Every structure is written in C-alpha cells, then in structure tokens.
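Got some structures for you, see below.
The following pair of complexes shares a single chain, chain A, combined with chain B in the former and chain C in the latter.
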Partner chain A sequence: MIRAVVTGLGAVTPFGLGVKTYWNGLAAGLCAIRPVTLLDTQGLRCRLAAEVPEVIPGSRRRSRADRLALAAAVEALEDAHLERAERAEVAVVVGAVGGGMFEAEEWYWREAGRGAVEPDRRALGAVLPWSHAEVVANALGLYGPRETLTTACSSGAAALAVASELVTTGMVDLVLAGGVDAITRICYLGFNALKLLDPEPCRPFDRERRGMSIGEGAGFFVLESAEHAAARGARVYAELAGYGMTSDAYHVTSPDPEGRGMARAMVEALTRSGLNAADVGYANAHGTATPQNDRMEGLALRAVFGAEGLLVSSTKSMIGHTMAAAGSLEAMATVLALVHDVIPPTVHLDSPDPEVAFDCVPHRARHAAIEHAISNSFGFGGQNVTLLFRRACT
Partner chain B sequence: MSLPEGRRRVVITGVGAIGAPFSGDSAALGASLANPQPCFGTLAPGALAGVMDGVDARRLSRVCRLAVAAARLAATDAGGEADAPLGVVVGTELGDLHSTRDFADGYLARGQAGLSALLFPNTVMNTMAAATSIALQARGLSLTINAPGIPGELAVARAAASIAARRAERLLAGGVDELDPYVVEMLGRMGVESGGRGEGAAFLMLETLDGARARGARILGEILAVATGALPARPVGVGRSNRSRVVQLALERTGGRVQDVGWVYASLGGDAARDAWERSVLEAALAPHRPPLAALGMLWGQHAGLGALRIAAAAWTARSGLLPVTSLDEPGVRPRVNITRVSAGLGLVHGVARGGAHAAIVVGPAPVG
Partner chain C sequence: MQAKEVLDELKAILVSRLKFDPRRAAEMTADTPLPKGIDGAIGLDSLDFIELSIAIEERFGVVLDESEDLAPHFASLDALCRFIVDRTNGG
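Let's turn to the complex of A and B:
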C-alpha cells in the first residue's frame, strides 16, 4: 500500500507571509479579523474581514489570487527541497472558487453603465478559477496532471483529497496541492445578502455567534509517496492517512439538518485510514460560526466520535473563512498541531453553545500530544470533505 | 494520471446529452454520429421539455438546467437500480457566469437592495454539480473540475480513475457550458476565441464492470485507461513543444502499442493555433502510425459536455465499427465528414487545451463474457 506523506508546506494568510508566521499567529491565539481595506463596505452590516496584510510578492500583472497561490506554492516546493529538475512530473491540484474575480470586478464596476467597452485582457484572462493552476504550473515548471477543483468552501480540502488519491494509487509520486482565494466584492456582498456575516469578529461555537468573518489566503502542500520521500531523505510532517468526500444532496445553501453528509465524510475518512473514532484526538472543525453550520457539525461530530475526549477548535476564529483556501490552511493547522503538540484555540469563545458539547479549546492554545487528527471542510451545495492526518513516525 | 495496476474495470452504461445537434440518450447519439450534421450555436427553445419539470425549470439557472437534464437522461439510459451510492463529477470551463453578472448588475443598479440571495450560490462554480446531486439524490463524491478547453475529458478521466481505484462505485461524469452572449462577446473581443463554441451538457454513467453485470446493465463500452498531464505553455497560450508522455502512458496501461490505435477522437474545434498544436502532439505521439480521426468540435462546437460525448462516441465506434472521419485539409472551410468503416482496435480520445492541459483516454467495446 502506498502512503501519502506531507513533505512541504507553504502559506500566505491574514497573519502574513509564510508558514512560520501562520503557526505563530495560531499558537498565540491572535485574531487577524480587522476593518476591510480592499473593498468599499459603506452601509453593509459587516465591515470586517481577515485580509492578507502584507504586499504579496509577484508581478502586479497577475491577479491578487494568482500571486497568493504562487507565493504559497513557491514556499511549499522550497520547503520540500525539490530541485527544478525533479519538478517536471509533479502534479498540480488546486482548489479555487473566486479566481481573479477581484480584478475583473474592478474593471466591471468601473465600466458599468458605459455600454460597449474594451475588455481588460489581463483581468478577464485570469478571472476563472483554473487560472491559478495554470500560472503556478507554468511558472514553476510542473507538467504532471493538472486539476482545478471547485467544491465551494471545501475546495482546498478536496484538492488535498484528490492529491492523496493520485499518490496512493501510484499515478504520480509528487503532487503540489492546495487552495487559494482572494477577497472579492461578489463573495463579500453575497454573504452579506445571505446575512451570514457577523458585524464583529466571528465566534465559532459560542451561543451568541452571529455568523462568519470572511478571509483570504493560500495554503499549499507537497504530498508524495512515503517511499519516494524516504528515498530522497525528505523531512515528513505527517501522513495524510485518509479522506472522505460526500454530498448532502439536500439544499444548495443549507446543510443537511442532521449533519448526515458531514458524518458520512468523517466515517469515510476513518474507514480509509483503518482507524477507529477513538484513535482521533483533535478535530479542526469547519466551524464557520454560522448558527446552522456549527450546530450541524456538532451533531455530526457527536454522532461519529461521541461526546467525550475529542478536542475541537475552529481556526476561523483567528483568520476568518478563507473560502477555497480554508480547507488547505486548516489542514495545515492540523498538521502543525501534530508536529508541535499544540492545539490551536477557538478565540472569542466566551459562552460555549451547549449544543456543541465538546472541549473547543477556548481562547488559548493547549499542549496535547496526539497521534491522529481530522480537518473538516464543508461548502455550498452540500459538499463535505474530511481529511485525516497521522503524526509522522519519528 | 494513469489507471494503476490491479485496477477495477470501468464501463459506460448510460449517456445523456442536451445540445443543439441533438438531445437524448445513447441511441440518439448513435443516430447523430451515423448521420452527422454541422450544428453550432445555442440550444433550441423547448429542448428541455419533457426532461425538466416546471419546478426545476423555475428554480434552476439555465446552465444548471442543462446539467440536470443531461444527467437525468444518462441515469435513465443506464437503467435499473443500483445499491451503490451515486456520485457526480462535472467539468466546466465557464461555470455560471451569466448568474454572476446578473448578481453584480443587481448591486450596481440598486445597491444593497439589488443583492439577490438566490443568485449568489450560482456564482460558485459547483452550482451545476450541486443541482445535479440534489436532483438525482447523489450522495457520493461530488466534484467540479474547472479547466480550459478539455474539462469534460478531465472529468471523465477523474471519475474513471476514482472508480478504478475503489474510491467510488458509480459516477455520473461529464461536462456543461452555456453560450452566454455577453461572455462570448468579451471572449471574441479579447481575441482568445478563434474556434467555434457550442453549448450543452453531456454525462456518462460510469460504474465497475462487476457492478454493471451484477445488475444486468447494458454495457456501451469500456474505459480501458486514462492519462493526463500538461505541456509547457503560457496560461491560455499555445505551446511549442509537442513532446508528451500522456498518450504513451495511457496505451501502456492497456498493454497496447501505438499501432493498436484504430481511430482517434480529437479535441480539434476550429481554434487554428491550438488545433495545429494538437495535431503536432498527436503525430509525434503516434508516429509513424496515422489512424483516422474524428473532430466533433468542428461539427457541433466546443463545450465542456463535448469531452464526454467524444468518449461516448468512441464507445459507439467500438460497437458499430463506424467513424465520422473529419477532413481537415482545407483550413477555414467547414470540414467534410465521411462515415468510414474502421477495423477493430483501440479508440483514443485525445484533448489538448490552451495552457497545456493534456488528456488521453483509451476506449474499447463492451467486454465479452
């Protein structure tokens, strides 16, 4: 049996550039949700978001999202110590939703009402989600299989699941996989229209929670076969031991009211990894802080893992909901929790919701050495993905 | 991507398509291939009548209606009941840009009061997969693959690989795109579209050979191997290199050789620079062999569903021995099509997209015995 292991990580997050910056922010329980600077939010119910605070490297001719993806991808490949000559056969799997919509919106907003206008080639040429994979693969010389997956807010996790399948079925030895999204007007306005945004920083699992906070970023992994990693002496962060991907087939925006699709994804991940529920010590929850999601996820976690022993936290309380990047950035938090023996907290959790009857690690990170952890990601359309990571053998 | 050793055999048991040239099941596809007529452009009004009930027609965006209708046709064509959970893999190049623009226009015209909570979910590209999963109560894998040029081929390749690798049992795989006039106009003015576009949706029901036999399903063909990769090229550009191992990898997985390829369905579609690149890649991969070639995109216009239709067409050729060979000798002129009898062999479905994505899918007839 071929095992897929994590040998490289790269991140651009609302804490800034780099994996170290990301982990330091999570472990310190910092909140990166602040007043929006990228968009005009005048008159909107919510005016906060978790924006990437620094100048993103790369040519300004590329979209903000393409630059986020490329910066994280470069860090992941360098972290894995993959030389250029080794990269030609590397597969690229990217989870994406917004594409280069931020720049396309700038053009469309500017030109609205003027009738026939000249298209902005740069903006419109990169507007679709597939742009990120094309840019990353061609800039870095990666010519293996190339896939862009869109499963709404679970896209980054779906990319890692498919990458794991490519490795464990022997199709490729190495995959660069992850998720990326930049804040866009359509996304921000749309969630405002659905009244799903909290005017204050989001409070996952709190009984007073009022909705989510939008974020942006990119998280990329190098996944490779354990044998390949051992042969080249690569450092292994963790093993991606299993995954589950299911669909609620219930409603486009509402999850199954009993969390059945979510639970099936978690059970699938356990089954594929050959583990029991009791083997899992930590769940990095989807934890959006919407009243519905957190309750359904609580139900699903309880159905699969019981009410005792599992530590649950939502890192969205610190970096917001980074959309297509959320699945990969939260998977990265899960992996780093295994590496550092530290569970990142759920900040702003003052009065825990009794319907989510877990230890949700409020306010401060906690020391805990665990062997296995899951990362949950769910999305519009009833898309459910669970990734299960195993601590690296030492 | 190639199917691994010890894979499960993957067969096609249903076809459903909605499009300008025809709408229907595997029989309708066969009739259209046997007498192929050029037919570009938008779907005729009323094409969804009888496939889509009034509730779906009101509730879903147009591109979602295309997807749901084609998926239902494929599920019906596959017949019978199956115990295994159904999943969906949808390829699309453009998604629901029509709804995205409507959503933005609502805000620009009326501010916050113009924001539509109903339109917003359609701005996310998985909306077609979500609508299809809900309509067919498909609770297994649900994936949307967004790619330039060949999203339908990539969706079927992903689905076939997942079934072969025991990650899924039954998947509806295919693609959908619509011709939104504004999007087409913008693409044209950007000069990135020189090929003819069509619109529509097509899905294949894929399942394991054992599962199909257990439920007594009619088998339309077998997906013998898939391989995907990429050629060097700028995003949305055409590359110079014609060297790729993708075709070779796919053939290796079948135990076949280049000379075993009996015919090719290519993604040629009227984009002159891209078409020339694909022909160069094919020639390099198959040399000195030059099997006859069909180019459905020249006849029916390119859209994400056509990738799935090419694979279904390859299965039809494997069954019937007939191929709609497309003459490509006169650039800029509508191709002539001759129905040619081909000898037994492997069918190769081949796709190259601007930006470099590359797919090869080897198709054979229904297994005997």
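Let's turn to the complex of A and C:
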C-alpha cells in the first residue's frame, strides 16, 4: 500500500506571508479580521474581512489570486527541497472558485461607470478558476497531471483528497496541491446580501454567532509517496491517512438538517484510514459561524465521535473563511497542530452554544499531543470533505 | 545591471518561460527582431509579449507602464536590454 505524506508547506494568509507567520498567528490566538480595504463596503451590513495585509510578490499583471497561489506554491516547493529537475514530474491539483474575478470585476465596474481604477482588459484572461494551476505549473516548470477542483468552500480540501489519490494509486510520486481565493465583490456582496456575514469578527460555536467573516489566502502542500520521501531523505510533517467525500444532495444552500452528509464524510475518512473514532483527538471544524453550519456540524461530530474527548476548534475565528483556500489552510493548521503538539483555539468564543457539546478550545491555544486529527470542509450545496492526518513517525 | 547580464537573463526567460529551444535562444543576436511578421524575427505574438512582460517585471523588478508606447522597446533584444538597464539603474 502506498502512503501519502506531507513534505512541503506554503501559505499566504491574513496574517501575512509564509507558513511560520501563519502558525505564529494561530498559536497566539490572533484575529486577522479587520476593516475591508480592497472593496467599497459603504452602506453594507458587514464591513470587515480577513485580507492578506502585505504586498503579494509577483507581477501586477497577474491576478491577485494568481499571485497568492504562486507565492504559496513557491514556498511549498522550496520547503520540500525540490530542485528544478525533480519538479518535472510533479502533478498540480488546485482548489479554486473565484479565479481572477477581482480584476474582472474591476474592469466591469469601470465599464459600468462605477470604478475609479483604470482597468486592464487583459485581466479577463485570468478570470477562470484554472488560471492558478496554469500559472503555477508554467512558472515553476511542473509537467505532471494538472487538475482544478471547484466545490465551493471545500475546494481546497477536495484538492488534497484528489492529490492523495494520485499518490496512493501510484500515478505520481509528487503532487503540489492546495487551494486559493482572493476576496471578490461577488463573494462579499453575495454573502452580505444573504445576511450570512457577521458585522463583528465571526464567533464560531458561540450562542450569539451571527455569521461568517470573509477571508482570502492560499495554502499549498507537497504530497509525496512515503517511499519516495524516505529515499530522498525528505522531512515528513504528517501522513494524509485518509479522506471522505460525500454529497448531501439536499438543498442549494442549506446543509442536510441532521448533518448526515457531513457525518458520512467523517466516517468515510475513518474507514479509509483504518481507524476508529476514538483514535482521533482533534477536529479542525469547518466552523463558519453561521447559525446553521455550526449546529449541523456539531450534530454530525457528535454522531461520529460522541461528546467525550474530542477537541474541536475553528481557525476561521482568526483568519475568516478563506473560501477555496479554507480547506487547504485549515488542513495545514491541523498538520501543524500535530507537529507542534498545540491545538489552535476558537477565539471570540465567550458563551458556548449548548447545542455544540464539545470542548472548542476557547480563546487560547492548548498543549495536546495528538496522534490523529481531522479537518472538515463543507461546501455550499452539501459538498463535504473530511481529511484525516496522522502524526509523522519519529 | 550590466547589458550582458540582462541579455543572458532574457535568453534564459525565452527558454524557461516562453519555451524556446535552448539552441535557438543561444543563436539569437542582440539585433534579432522579436515581433511576429517581421523578416528574420523570432516571431513573438501578443501572448508571448504578455508572458515576457510578466517575466521581466518579476525578474528585474521593473514595472512596465501600459500607458506609454512600449513597442519600440520590444523591437529587439538589444532595445529591450537598453530599456531594462535604463530602468534598473534608476533611469
């Protein structure tokens, strides 16, 4: 049996550039949800978001999202110590939704007489979600299979699931996989109109939660067959031991009211990993802080794991919902929790919802050595993915 | 940067980013025309010029301003070298 292990990480997050910056922010329980600068939010119910605060490297001719992807991808490949020659056979799997929509909107806004920025019509060339995979493969010389997955908010997790499949079936030894999204007007204004955004920083699992906070970023992994990693002496962060992918097939925006699709994804991940529920110590929840998601996810977690012993936290309380990047950035938080023996907290959790009967690690990170952890991601329309990571053998 | 360094970098970009055969890049002289449709040119089309512009911005840290006429600077490697050297030396 071929096992898929994590040998490289790269991230651009609302805390800034790099995996180290990301983890330091999570472990310190910082909140990166601040007033929006990229969009005009005058008159909106919510005026906050978790934007990437720094100048993102790369030519301004590239879309913001392409630059996010490229910066994270470069870090992941360098972190895995893959030289150009070894990169030739690397596969690329990217979870994406917004593509270059931010720049396309700028162009359209201007055409409609509303924008102040001089638009570049060539920005339209990068509008489609597969632009990121193309840019990353072209700039870094990656000639293996290339896929783009669009499953709404679970896209980044779906990319890792499919990437692990490429490795465990023996198709390739190395995959660069992750998710990326930049803030866009259609996403921000759309969720604002649906009244799914909290005017304050989001409060997952809190009784008073009022919705999510939008974020942006990119998270990339190098996944590698364990044998290949051992042969070249690569550092192993963790093993992606299994995953589950299910559909609710229930409603366009609402999850199954009993969380059955979510629960099936978690059970599937356990089954594929050959583990029991009691083997899992931590769940990085989807935890969007919408009234519905957190209640359904709480039900589903309870149905699978019972209420005892499992630590649950939502890192969205710190970096917001980074959309197509969320699944991969939260998987990275899960992996780093295993590496550092530290569980990132759920910040802003002042009055826990009695319907979510878990220790949700409020306010402060907690020291805990965990063997196995899951990361949940649930996309609009019931597109559920659970990833299960195992601590690296030392 | 020196013109020679810039010229070598541009040839490397033609190979790595525009997927030129390395031998073809090596054979180019500084005055080989770049744009498609000119006799003896290496035949870059509009998409090639976009990719080349991105690569130049990222490699040399210059910003190419669309509001000025850039075509003369992209006429040949020699013209492009002079343009980049000028910009990177604070011109």
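FYI, the second predicted complex is superposed on the first by the 385 of 394 C-alpha atoms of A that agree within 3 Å, B and C clash if a C-alpha of one lies under 4 Å from a C-alpha of the other, contacts with A are read in each partner's own complex, and residues count from 1 in each chain.
The rule is simple: contacts are C-beta pairs under 8 Å (C-beta built on N, C-alpha and C of every residue); 3 or more make two chains touch, one makes a residue touch a chain.
Since this is a predicted model, take the numbers as computed values, not measurements.
Per the definitions stated earlier, placing chain B and chain C onto a shared chain A by superposition produces no clash, and the two fit side by side.
In the superposed pair of complexes, A:Gly381 makes contact with chain B only, with no contact to chain C. Of the two partner chains placed by the overlay, chain B and chain C both lie in contact with A:Asn138. Touch criterion not met for A:Pro257: it reaches neither chain B nor chain C.
By the touch criterion defined above, A:Arg60 lies against chain C but remains apart from chain B after alignment on the C-alpha atoms of chain A.
Look at A:Pro199: by the touch rule set out above, it reaches neither chain B nor chain C.
In the superposed model, A:Arg122 makes contact with chain C only, not with chain B. When both complexes are overlaid on chain A, the residue A:Gly306 reaches neither chain B nor chain C. The partner that reaches more residues of chain A, of the two candidates chain B and chain C, is B. Rounded to the nearest 10, the superposed model shows the Cα centres of chain B and chain C diverging by 70 degrees about the centre of chain A.
Minimum Cα-Cα distance between chain B and chain C in the superposed model: 7 Å.
When both complexes are aligned on chain A by C-alpha atoms, chain A residues 125, 138, 141 touch chain B in the first and chain C in the second. By the touch rule above, chain B contacts chain A in their complex via residues 1-2, 4-5, 87-88, 93-95, 100-101, 103-105, 107-108, 111-112, 115-117, 120-121, 123-127, 129-131, 133-134, 136-148, 154, 158, 161-162, 165, 167, 186, 189-190, 192, 228-236, 355-357. Those residues of chain A that touch chain C in the shared complex are 57-62, 120, 122, 125, 138-139, 141. The part of chain A that touches chain B in the complex is made up of residues 43-44, 91-92, 96-97, 105, 108-109, 112-113, 118-119, 121, 124-126, 128-131, 134-135, 137-138, 141-152, 158, 162, 165-166, 169-172, 185-187, 189-194, 245-253, 261, 264, 379-383.
Of all the residues in chain C, the ones that touch chain A in their complex are 16-17, 50, 53-55, 57-58, 63, 66.
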